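Across the two complexes that follow, chain A remains constant while its partner is chain B and subsequently chain C.
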Partner chain A sequence: MSSYNSLAAPGTSASPRSFLERTGLDGQLTVFGGRWYWSLFVLVFGAAATFPIYGSVFTALNFTSFLINVPLALGLALLWGYCGVLSFGQVAFFGIGGYAYGVLAINWGLGAATVGAAVCALGLTALAAAAFGYFLFYGRVSAWIIPVLTLVLTLMLETFLGQTAGLEWRIGDAQLGGFNGMTNIPSITVGPFSFDGFSLPLFYLVLALVALTLAGLRMLANSHFGHVSMAIQEDQERAELLGYDIRRYQLTIFVIAGLLAGLSGILYASWGNFIQPTSVGLLASTFPVLWVAVSGRRSLTSVAIGTVALSALSDTLAVYSGELAFVVMGAILLFGMMAAPNGMVITLLRGIARLSRARK
Partner chain B sequence: MTSDLFNLGYQFLVNISFLMFAAMGLTIVLGMLNIINLAHGEFIMMGAYTATIAVHNGVPFVLAVMLATFAVGIFGAVIERLVIRRFYGNKLNALVATFGLSLIISQGTLLLFGPFLQGIKMPLGGFKVGDYSYATYLLVIAGLAFVVLGALWFLFYRTRLGVDMRATMQNPDMARALGVNTSRIYMFSFALGAALAGLTGALYAPTTTIVPLFGSSFIAPAFITVVIGGGANPLIGALASSSLLALVQTPLSSEFSAFAGRIGLMFAALLMMRFLPDGLSHYIQAAFLNRRRARAEKSR
Partner chain C sequence: MSLLELKAVRRAFGGIVAADGIDFSLAAGERRCLIGPNGAGKSTFFKLIMGLIKPDSGSIHLDGSDISRDEPFRRVQRGVSMKYQTTRIFPTLTVAQNMFIASPGGKLSEVAAWGLDRLELARNAARPAGELSYGQQHWLEMCMALGNAPRVVLMDEPTAGMTPQESQRTAQFIKELGDRGIAAIVIEHDMGFVRGLEAPTTVLHQGRVFRHGSIAEIERDPDIQRIYLGDAHG
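Here is the complex of A and B:
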């Protein structure tokens, strides 16, 4: 595949391998890399971290809600771009994470218990992803069935959560709340810091998690594991004949992607103190696919940038009209797939990288 | 007792026809073009809107149904020319693109027509057996499902166009070499799938409220039916999997709730996939071909 021809990351240079390549932060399977990439990486995250000082706190808090989507999107990019498995059901795991955190946090109370609730919610999400993934991958269903079934999972979960309005739908002190969703979820709290939507700690937490996820997934992608999963996406049969248990690799990546979606869900519940079925449903399930498809599924960096940009765009449009926002997003997705099937953001970034190289 | 049995049989027929109507267009598009159309639910919704608006403007219901079928079919042909044909051979990208299309159609409808449309009355009234009362219309729909299936069988196996379609499905290069205009066959197949969606929407329009998300109640059952049926033979697949699923769904939904029936569908799908991953139609066709081969060898 031509996408292996990375622009800046010299995977096979004769010089002794740099620190970045030894750790896998740079390598053959990440599109962008090298000194320029990491300088920009530090610069962008530094600028974002200091933004509340020179910019406005309000904007930073608003930005938090966009950044929360990034782990969800990066998980899907790993699953789709690096493993060839397209899932429309990432929002289901987002919802499972959020609802599980809500139920546990409401029952266990404030303070350090919320951290325990978040960890347990992550575990439950992973369990759900593993159980569902088992049927998908160990059933060896063909590639096109997975998106369809994950979409069905999402629809079922939305229907289920939507009909939990009655008083009998309570778990301990937590009321599932039907279409109105679960409210009064306590934010994650560590000592004096409350990670809620009204103050800066959550902004820094999410920013750090995004940077860590991006770097961690780059290391995973460039590792032996990442190479094998890329081989599986290129040709399942060949990878299998070479002796790899492809089901295990696919399931592992599916669980990682589910975990990241759950992480976003937990952060979302902590940010807004509520979660509702619409964040699990059909319309919500559009977004992760949209972010990843339009950004470029083979490039984690593009997905991170594109997710924030597209979240901001749909948020701005939704101020005027929610339907209009969805129509515009649908149009971007449709025309994006027709004009740049590998992603618009990555095409743009590649162009910039090529220009800057040509000037040298 | 007999009235209970009748009740179950009625529910079974209603469920089977619902699944069949929801899935037929989708499975033909899958079988012929090897594409999953995620906007299928929206095509169904467009059928319902067309029929409802036509009835409000004084068109008789039967004519309105035909109009909706035709209109959505034409729309399908246009969409095939503009969008779908760019994605032949790339199923995942086609899925994503049609997902975008479904978003545009459903939210565009919301923008244009508002959150709901005044519904139309269910024709034909009802009858009573034992303690239960039934809608005649739903039985007529159930009958129609089999009529449509028969018509499709006739089209596929008894007409020249059907031969061309099956040839294109089996080996497009060879079909092209033998003078079949495969590009036109593809367009016709997609339009046929869309027309069936339009018919479905129009037929079910009187049974429920007309909202822009009308199609979304169809898509989950439709996808499950298609996944279980597989793309090897659209007609056998649709018939076999909707019967099987209705068998699962009917007792669950009459004993517990409609939602329990849906969950049952989901689990049936997961289990079927684990053990029969290629889809029912594949296995049925294989068994059928084996038997035919065995018989041919015996007679030789």
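Here is the complex of A and C:
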């Protein structure tokens, strides 16, 4: 799984295959990798999958809601860490996914139709991300203003959804519900399995999706596409003068990140059977940025770990006091940015990796 | 027919006319030196060809088709590429990764592979590009400019800061590019290097083509001595 070969002797002809980067699950653009990484990967996901057997089902179900945030966070890590575009409004696509799924699932009814609703909701989210991203990138909007524009997008969405309390705000049988949100959304159902918040199928589905997303994004990051994105992040003009339409790359990654946010939103709606405007509000919009910044935006693995840990922490704190949770999360962000500007989780993981290497 | 042709290209920045009706023509595989005092419009000339700035009037043609309105990346895809004056490689990435990025679809072009071999960069594949010597960084960028298997390469002062040996090797390299059918336009201040390239030379002055001829003719021309001295002492 090593990343490349160099040519042994000078003067030998550089054949294309031997010189260039080998791509795959491991490579130069993913921070961690190798035998140890994948052993731990299998171990961690194996331990999580068997947790309901040796641990508690209740904890596993709780854990589902933390895992649901991971695709959303990984999408932002790809966008921000690998393409240099900071979106402050990824939750807009979380909300679009969740609401679209809600409307479709309520109208189309139970059973296999919910799968169709989920797939269509993903499609709609991608469409929304593509439309918004098109104006951002093809309009050649300056990079520094993108966080503001994406934040405005999500706040507008929140304001709009918040005023949909009246009975006239319905799509078919689905009542948008204003600030109370949309309720009675059916969970995704396949045959005898209902992917809801009260049973294990959703836990396994989300766990599998997280593993797949992590592996898939690692492959994308190490691919030629990922390298070009990195080049765009480093030096846009340089990348363009190597023959790349940088806007197309940025838009593609923006759509992938939007899709992943939408996936989280759909899973969330299936988990809790509801979705509300606060999901796309100001506080909600800061969380993905916080998870990714504190974890380390250039490391997908760190973001996956950090997102689960921070979600669990804020959930635990919220049991005592909602305000306390926000204060502590804010403090962690501040401390994290000062103590480990590259991210706390990645710094920690690197330290552990270095220690284990030193011991050998 | 000429490979690259500029017809009456004009571009002004406010009151400063950086390109004042430039007519220029380059044949396939030809190499050409571009000289001129500071502010003559040499870098603007390159930026116009690459599409980093658009002409106010006039047109630019590649292989007979008008590329004046094409985006920079399209021009690169059509076979024009450029090496920056100060290297713009990706210093934290390895030499192999830099070449990977510079190769469309991740496939190393034959001419880029030849260049890496010729400039002995292949053995440094796994090293971060920022750790290479200054000259090697320039060479890496030249190889990156070959990634798209170009028809013509623009090089902005390729030997700035190089040792005499490295300069000599660079001149040799550019000549061999011509043998492989790749045209080159080279901006250079170092007259020794220009002589070594043995190429027709175009002199730019105040955004205009001032003279065109062999380097021997150019060096004998009293008008050219005057614009250079005027620039240096005025």
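To be clear about the criterion, the second predicted complex is superposed on the first by the 337 of 360 C-alpha atoms of A that agree within 3 Å, B and C clash if a C-alpha of one lies under 4 Å from a C-alpha of the other, contacts with A are read in each partner's own complex, and residues count from 1 in each chain.
Everything that follows uses one rule, which is that a contact is a pair of C-beta atoms (placed from the backbone, for glycine too) under 8 Å apart; a residue touches a chain by one contact, two chains touch by 3 or more.
Since we're looking at a predicted model, the values are computed, not measured.
A simple residue count on chain A separates chain B from chain C, and the partner touching more is B.
In the superposition on chain A, contact of A:F160 is made with chain B only, not with chain C. Comparing the two interfaces of chain A, the one with chain B and the one with chain C have no residue in common. Residues 50, 52, 71-73, 76-77, 81-82, 84, 88, 90, 93-94, 96-97, 99-108, 113-114, 116-117, 120, 122-126, 144, 147-148 of chain C touch chain A in their complex. Of all residues in chain A, those touching chain C in their complex are 4-16, 19-21, 23, 28, 223-224, 227-228, 230-231, 234-235, 237-246. Of all residues in chain B, those touching chain A in their complex are 36, 38, 83, 86-87, 90-93, 95-97, 99-104, 106-108, 110-111, 213, 216, 219-220, 223-224, 226-227, 259, 262-263, 266, 269-271, 273-275, 277.
Residue ranges on chain A touching chain B, taken from their complex, read 80, 86, 88, 135-136, 138-145, 147-149, 151-153, 155-156, 159-160, 163, 282-283, 286, 289-290, 293, 321, 323-324, 326-327, 329-334, 336-338, 341.
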